[in-house]
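Take this structure, written in structure tokens, and hold onto it; I'll ask about it next.
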Amino acid sequence: MKPVRVGLIGTGYMGKAHAIAFKSAPAIFPLSTDIVCEMVAEVDAELAAQKAREFGFNRFTADWRQLVTDPEIDVVDICAPNYLHKEMALAAIEAGKHVYSEKPLALSAIDALEMTEAAEKAGVKTLVGFNYTKNPTIQLAREIISNGEIGDVVHFRGTFNEDYLADNQLPFTWRLKREFSGSGTLGDMGSHLINLAEFLVAPMTELCADIQTVHRERPTPDQPGNTGTVENDDQVHLMARFANGAMGTLESSRIAWGRKNGLWFEVTGTRGSLIYDQERLSELQLFTNDDRPSRQGFRRILTGPQHPDYANFCVSAGHGLGYNDMKAVEVRDLIEGIAADKPMWPDFRAAYRVNVIMDAIEQSHAEHQWIQISV
Amino acid sequence: MKPVRVGLIGTGYMGKAHAIAFKSAPAIFPLSTDIVCEMVAEVDAELAAQKAREFGFNRFTADWRQLVTDPEIDVVDICAPNYLHKEMALAAIEAGKHVYSEKPLALSAIDALEMTEAAEKAGVKTLVGFNYTKNPTIQLAREIISNGEIGDVVHFRGTFNEDYLADNQLPFTWRLKREFSGSGTLGDMGSHLINLAEFLVAPMTELCADIQTVHRERPTPDQPGNTGTVENDDQVHLMARFANGAMGTLESSRIAWGRKNGLWFEVTGTRGSLIYDQERLSELQLFTNDDRPSRQGFRRILTGPQHPDYANFCVSAGHGLGYNDMKAVEVRDLIEGIAADKPMWPDFRAAYRVNVIMDAIEQSHAEHQWIQISV
Amino acid sequence: MKPVRVGLIGTGYMGKAHAIAFKSAPAIFPLSTDIVCEMVAEVDAELAAQKAREFGFNRFTADWRQLVTDPEIDVVDICAPNYLHKEMALAAIEAGKHVYSEKPLALSAIDALEMTEAAEKAGVKTLVGFNYTKNPTIQLAREIISNGEIGDVVHFRGTFNEDYLADNQLPFTWRLKREFSGSGTLGDMGSHLINLAEFLVAPMTELCADIQTVHRERPTPDQPGNTGTVENDDQVHLMARFANGAMGTLESSRIAWGRKNGLWFEVTGTRGSLIYDQERLSELQLFTNDDRPSRQGFRRILTGPQHPDYANFCVSAGHGLGYNDMKAVEVRDLIEGIAADKPMWPDFRAAYRVNVIMDAIEQSHAEHQWIQISV
Amino acid sequence: MKPVRVGLIGTGYMGKAHAIAFKSAPAIFPLSTDIVCEMVAEVDAELAAQKAREFGFNRFTADWRQLVTDPEIDVVDICAPNYLHKEMALAAIEAGKHVYSEKPLALSAIDALEMTEAAEKAGVKTLVGFNYTKNPTIQLAREIISNGEIGDVVHFRGTFNEDYLADNQLPFTWRLKREFSGSGTLGDMGSHLINLAEFLVAPMTELCADIQTVHRERPTPDQPGNTGTVENDDQVHLMARFANGAMGTLESSRIAWGRKNGLWFEVTGTRGSLIYDQERLSELQLFTNDDRPSRQGFRRILTGPQHPDYANFCVSAGHGLGYNDMKAVEVRDLIEGIAADKPMWPDFRAAYRVNVIMDAIEQSHAEHQWIQISV
């Protein structure tokens, strides 16, 4: 079978995570075909060369447009800043490439829709990097819910909190400007949480949100005393109603001291509950009323070979996966989707929905009222 | 000094907790005066007699009106169902007694206000049983916040979830009717959480709430197949803004499988955070950015003799207090307040505020919009 | 029925815990008879008077011999330092009193045996304050083991670690001298652990121990630079074999930084396991292979009304008991044992066995070899 | 610089983990040279071919002797069963290859010594797969201890418990025979714990051990009712003294229900303590008496970019490493050691020491007494 040849745009935090996954996935999973790490694009040619070498890619370029039109590339992998996703994806789609993009897909729902429709029209495959749902533990959570093991879901409480901007003396960067990043914690972590909540519960039908930029000015490196004005949110939370009638709250913060990868949720059903904490990503706590009352309790399930995908990493339970392992599962989905010409999830349309909800959240805050989700 | 003579109305769950506290408090604390357990009132005379004997009270009556006017009673302690609080408290106040009442104070803010004004006019002392703030661990949390150890509070997330009605086959009772209980989980647990949130953060200025009765019909014991219609809430949550600008969410449920005493909160400040879980009531988790970065982490503080009130129970740290111990602190506050003729907290006025917020929550849900808190 | 009249010797840490329990137990439990708090003995008359008043006892004395022979006393409760237990208990027995003594019962097995035989010959009842086994959670653990829910026990690992002497600048006290305290952490906490291990598993048949005094000199308050020589153990651990063939390790330390009430154990059986941590005294973690493999995990059971004795404290699960509550259960056992003229556990003979094992531990260390337990 | 060409013997559990690491390490770390995955050896040629393809190796063989003498191989990586380590390593050393071997190095100390001396004489580099010490969290633990942040170590309590043979109906395999596996849980997990204890504390000088085979017969697949006799240990524990005077207990079990990767330790020093749990491999709990008493507590440090090696995996703290990531660090050490011609740790001599202690443990059990460690 033809190998899948990858072109990677962007070699920062996420670019590296993708590179590691392209290298490790074939040894982890029985893939249907090979992966060829073909080309890296980075704005600076020297950096591009260095990263191609480090990441084990064959070629490099300082011009991402060259990458997206290169005939030796099957998939364009976009790990560039958010504001560039649209332009890059549309160019790749136009060149007939499959697109694997980091999240959030776009700075607005309207942009995301344009990208989605272009991809669907072109018939290329798309996958967006909402990697947390790829975790075997999260897959197990969904399986438990789908099986009805906790009954009908009646409540969801989820957070995605970190503290990477909690220190108000951290310098101003382009990430704090709307034109480059769009929203703040909402797009960065909130988008994952939205995707996850709907993955586990049901589509949201209505929401009411509140948003705050707590640290409005941050020092700029240019001159002592100078500051830049932060244009996007430090913390956001919302109440939601889901299509199945469940209630929920979602919260995201980048200033929540002590939280390092605080993707956390509790799902309550009519027969049981689940609790998950991303900082302990190979554990799931399950409570079910099947147990006799005097022996009931949240049980801490350690992910193991009985659970989805885990056995590919390790045959012993509880040995634990790491952050980068979730990307390996994602890459497996990418390669298998392309190899078998089957749909991938979450694709651009699914990611578009996340953008719709993000827009609704900002609208709800601006209008200080509940908003219906129309899509 | 004159002893404080107590009349206890109601001998159920809370009545017993109060009785234990009246007995244990004098051995735990160096009280300024003695407590005399004078009289118990219970609707059934035989039960009243039995409970007086069990609880170690001198006399009993089947007529609470007799108790509130008895000249040998200094404090009337109301542990009767919510809908009776008002009538009993007003009668006690009229008789010139101090009043110690369980929460929520009343079925509505207007009733609570009437009770508050009556007590203030009569010059009697009042105390309402929001016992969770009496926990040394919670007092420590407040001390840490007041000291500025976590900086300015920017977010509060609190829940008070239990599962005592999660099973939808549990029979219908009077507690599920508005005329007897008022609201459901909102009054039962939500009221505690409201009181606690304001104790730790600041007064709420605005809120937006959502409420649900998930199990609308429950079987009545009379005949198989018959059901009663539940009139109050199974789960409620809300977003709030506090006077200091902080955002918050509060949530309460009586159908949250697995949660047994799920009073839980996380307070995030500009310099650190606190996490508390009532199911581990002698632990507080503190994160502070004072620690150097590579050694930062939530630290689990076990309550001990360095913390408020703990040393009275035990001179060794980490030996742990229980639920009933919080009531002993509350009784200490009651006795010392009366003995020294000084204000107690939370008094009727403070409890009235909780009723105001409870009303605003129900209004917000009914009107499906944000509501300003006017008091 | 005749009330049980109590005489309490010693009003320090444990004396106060006992006093609280005598006051609270009747309100907590449906006792068969009343408790009369009759007399307190303390070396200093003024202190004795003050404590009698604080603890709510009728009379006081500065001469414990007067207490043990007082005709109005039914039970002598010994909360005096360890080296006085024997003399006091023998005097009380001679006076025909029941004896409730703190642990360890004696400074040596031979003393404990003398006390045991005296009590048995006199036909008085005895109870020794190994209070941790009174915790409903520990009772549940035993019930689970006895039911065979974790199969046959094959391993026990237990610790009882605290840090109250971890700071080597803490001053020298009489507790650090053998003539007054006997052993150090071994008698103080190790004795509880020995009692608990045999309660849960089986009698020990053989052991091999190691003991250390880490901080050999501590400052005396008399003059800067002066020190006293510590004569008993800071840390002790041992391997054991139990009569049922199980292996085990036991460890106790008073210098284990961070451990505040670190009575912790894990019991492994052929079908499951239990984990307990006294710092979370209302939780028990149970793993059983009855659960299907993909849903197995340690479940955190919160003690509740389905479990032994809990409902007397509170009708809601997970509300939590505290350290003093265990003493209330112990007092219940004392009163019911006397009232019904039935055996109590652990009595002097059971406590003697603990002294036998403590002696074997010290012998094993001294001889640097395994020792058979002969009783 | 010349690449390092790897020959991998064995493609089971560990072989796969090594393969993943050879692929991912170059993308994770800035290695000094390239890794060439040259050849795989597996007993069955077809399986060898399949695994070479899956793992991304250039060639394969069904004869490991061909691999060890192949001129295109620089390092022989031994992931074959324990009883083959010696023969393979000696052959590889004779062929002048560097050797990377799984643990335990050999079935006995005498064999390990022969291997060590052969390697040292030949001047080849060696590395043994005690991977747990490669975890950034464990490196942090060692750094904290080395810095004196917890003072002088006075106690170590470590376990390495799993439950993979807890079910006594699991079939008999060659791993349960001494000639193929040597000891049981002692070699499998105990060897890691020994290595770790000495890494963190000091060399052991003396020990006393107890060992048990709980399930002595297991069904053989040949015929219902037939069983095979288990020849090695299900559980082992020991007391030790370390060269610095510290006391310790070590325990390992393969029948400890509920423990999945239960490498757990607590190190107590004169100024603080550390707790670690491999099932939460990116957390370290640190207690230090530097904190003021009322704010002391075990703090949960989430491994992050401030800690050793972590930033290579991820720039955000708390995102978590997995089991396979530790092998990537190990491979980094292997490649850098060869590239820079510098010593690696743990080499054969360090692994020999582990075998010495394993032998002493078995001797101690057999002789039922304390044993001095002579090396």
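So that you can tell them apart, the chains are marked A, B, C and D in the order they are listed, and the count of residues begins at 1 in each.
Operating definition for what follows: a residue touches a chain if its C-beta (ideal position, glycine included) is under 8 Å from a C-beta of that chain, and two chains touch if they have at least 3 such contacts.
Just so we're clear, the structure is a prediction, and the values are computed from it rather than from any experiment.
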Comparison of B-D and A-D (more C-beta pairs in contact): A-D
Taking each chain's C-alpha mean as its centre, the one farthest from subunit B: D
Whole-Å separation of chain centres (CA-atom averages), subunit B against subunit D: 54
Centre-to-centre distance between subunit D and subunit C (centres being mean Cα positions), rounded to whole Å: 41
Centre distance in Å when subunit A and subunit D are each reduced to the mean of their C-alpha atoms: 34
Residues of subunit A whose C-beta touches two or more other chains: 259, 296-298, 302, 304
Touch list for subunit D against partner subunit A, complex: 13, 16-17, 19-20, 22-24, 26-28, 30, 54-56, 162, 164, 259-261, 278-283, 302, 304, 313-325
Complex contact set, residues of subunit D against subunit B: 140, 285-286, 291, 293-302, 304, 306-307
For the subunit A and subunit B complex, residues of the former touching the latter: 150, 154-155, 157, 159, 161, 166-168, 208, 210, 212, 214, 235, 237-239, 241, 247, 249, 251, 253, 255-259, 268-273, 275, 287-289, 296-298, 368-370
